[in-house]
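Structures follow.
Presented sequentially are two complexes of chain A, the first with chain B as partner and the second with chain C.
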Partner chain A sequence: MDTAFFLRWIAVVTERVRAERDHLTDLDRAIGDADHGVNLDRGFTAVEEALAGRSPETPADVLTTTGTTLIRKVGGASGPLYGTLFRTLGRSVGDVAEVSREALAEAFAQGLAAVMKLGSAQEGDKTMIDALAPAIPEMRTSFDAAARAALDGARATTPLLARKGRASYLGERSIGHQDPGATSMAIVIDALRAA
Partner chain B sequence: MKKLINAVGDVVPDTLRGMAAAHPSLRVDVGNRIVLRAAGPTPGKVGLVSGGGSGHEPLHAGFVGYGMLDAACPGEVFTSPVPDQVIEATKAVDGGAGVLHIVKNYTGDVLNFEMAAELCAEEGAHVVSVLVDDDVAVQDSTYTAGRRGTGATLFVEKMAGALAEQGAPLEAVASMARTVDARSRSFGVAFSACTVPAAGKPTFDLGPTEIELGIGIHGEPGRSRDRHREARELVRLAMDALNADLPFSGDVLVMVNGMGATPLMELYVAYGEVDAYLREKGATATRCLVGDYVTSLDMAGFSITTCLLDAELTSLWDHPVETPGLRWGR
Partner chain C sequence: MVGIVLVSHSAGLAEEAAALAVGIAGEDAPIRPAGGTEDGDLGTSLTKLEEAVAEVDQGDGVVLIMDLGSAVLTARAFVEDRADVVLADAPFVEGAVNALVTAGTGAPLDAVVAAAEEARTIGKLC
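Now for the complex of A and B:
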């Protein structure tokens, strides 16, 4: 997978986040503060501009620019968390022209570790990690399987009690709602198929 | 949605432009979203920086000035600022004695301030961060994000700000900020949800006789839903929660805070009940604030924040302050 692949991936993510903006915000209204879609849309729109202005030459450049822009533009928890994921992906794939599926899966594993450390969260806490973690082992074989695992992971957050993030303030009342962060993470992973 | 705004996307910059026009004591960088004292950093004084989502006005930008903050970093509505803002603000207020970051305990605020503090430290700045976590409605355990920072943020900014103004070193100012937080508790009640401009509809729906107990300041629902009742009972409910967590005694600083759409008249009704409750417990409300200080857009409801005072805290509270939101003694 070359630079063009990663540019397409981010472009698809940007487009889907824009299309799902209100849905993500509605999910966040139920158990958060009704801005997840709005914030991510603002962030990826800024990423789109940053990438257009930069013409990156390597996959790492695409990923790092994406991560840095998200940290600089999104705010909230999702800015640093998504930003750290993409920056870790960029650092992990290194200065190469082509990235293998195995190398990308390994980069995602490092990204997951970085997000878990930053957010002090584990699988099952009802966060983006619940979509990210199950997708990584599947990524080595197929993006279709990874996307399915991420979507299943996001859906499986519905009965969970939130332990991290703003939904955790609701305690028992967070049960019965799908986590907006896991939902947006599933969009990010699903977009790999279309890249 | 009927709001006194121009375009949804311009709410924050338009607010900042208005604050700049109204308060010449502030220097407002609208583009970078930083609010500073017009007089610039005070040489040898610890700089105080806070920030958080917009929509809580006068917190934080309204508390920039003599005796409180040196800078505020307003984020998007209910969204923490980004690290760049905090880094720029930290540089701008560093008078050579280091900078204190006052951070409300929300994951977003914590992460963005942490990233900023690390980058500032790499560049040689001396930064200490203090977390405010006063909301008793949230269980504090390793299985949650911990208690939210709400009304006590104002108390921390005021008293740590006074100590910094008196020339205390960074470690002492940080320690005072932690002391104020440790002695403070808050509890909030909502009568109606608020509407985030970008979302266009209320963050939750409440029936005509329902209230939300244990709300935060971002329009998120509370811990439970209950029936509306008279002020005496609502205040007792909130005060019982505070008292159970940190029993009242001696002199108490009380803030009866409106969430944005509660008449001042009703806040005074509540304050009368708070005063009576404290007497009943053998404590005395020796200092108070009644009004809109830590708001949640157009939410109706109130929060009560208390701080157990001693002579030192009382004198720091009484120290002169001159900001758009609080002003006395000067």
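Now for the complex of A and C:
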């Protein structure tokens, strides 16, 4: 996968986050503070502008620019979390023109570790990690399998008790709602198929 | 002097907490608020955080005291590249006061962090 692939991936994520903005915000209204869709849309719109202004020449440049812009522009907790994921992806793929699916899966594994450390979160805490973690081993097989695993992981957050993030303040009342962060993470991973 | 930055979801909360700390502890050490998004909404701005750190940085290190959620995550992401900026795991208001009192004595970075974190153990009703 070359620079153009990664630019298409981010463009598809941006488009889908925009289309799903109200849905993500509604999910966040149930167990959070009703800003997840709005925040991510603002962040990826800023990413779109940053990438257009920069004309990145490597996959790492696309990924690092995306991450740095998200940290700077989102304003909510998803900014540093997604920003750290994309920056770690950029650092991990390194200064190359082409990235294999295996190398990207390895980069995602490092990204997962960085996000877990930043958020002090584990699988099963009802966070974006519940969509991200199961997708990574599947990514070595295909993006289709990774997308299915991410979607299943996001759906499986519904019965969970939130242990991290704003939803954790709700305790038992967080049960019965799909996690907005896991839902947006499934969008991000699913977009790899369309890139 | 060690500098202190108060990182909050809310611009008003960060400003008033800094003002309260200065009112109690004096202004011997520098303290600045970094609260809210650039648009003035609830949230955290990396740009505001960077500016505040630059303002209080006198070369002896900077302590960040956060309220919750995105403030903690933004501060954590920020210090990844900055060994001279340290996070204090402390209550926001009491930690700010303790840190400013200690920083004002000319104490080193680790002592200021320890003072802020000590505020966790001080009860209000006992």
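Please note the rule applied: the second predicted complex is superposed on the first by the 195 of 195 C-alpha atoms of A that agree within 3 Å, B and C clash if a C-alpha of one lies under 4 Å from a C-alpha of the other, contacts with A are read in each partner's own complex, and residues count from 1 in each chain.
Just so we're on the same page, contacts are C-beta pairs under 8 Å (C-beta built on N, C-alpha and C of every residue); 3 or more make two chains touch, one makes a residue touch a chain.
Predicted model only: the values in this text are computed from it and were never measured.
In this superposed model built on chain A, chain B and chain C take up the same space, so to speak, and clash. Contact with both chain B and chain C is seen for A:76 once the two complexes are overlaid on the shared chain. Of the two partner chains, chain B is the only one that A:25 touches; chain C does not reach it.
Once the two complexes are laid over each other on the shared chain, residue contacts for A:45 go to neither chain B nor chain C.
In the superposition on chain A, contact of A:110 is made with neither chain B nor chain C.
Within the superposed three-chain model, A:119 lies in touch with chain B and with chain C [touch as defined at top].
When chain A is checked against chain B and against chain C, the one touching more of its residues turns out to be B. Touch criterion met: A:34 reaches chain B, while chain C stays clear of it. When the two complexes are laid over each other on chain A, chain A has residues 33, 35, 39, 71-72, 74-77, 79-81, 118-119, 165-166 in contact with both chain B and chain C.
Residues 53, 75-84, 106-108, 111-112, 115, 137-139, 143-145, 148, 196, 198-199, 201, 203-204, 216, 218-224 of chain B touch chain A in their complex. Contact residues on chain A toward chain B in their complex (touch as defined above): 25, 29, 31-35, 38-39, 42, 71-81, 118-119, 163-166, 168-171, 173.
On the chain C side of its complex with chain A, the touching residues are 37-39, 41-47, 69-70, 73-74, 76-77. Residues 33, 35, 39, 71-72, 74-77, 79-81, 83-84, 118-119, 165-166 of chain A touch chain C in their complex.
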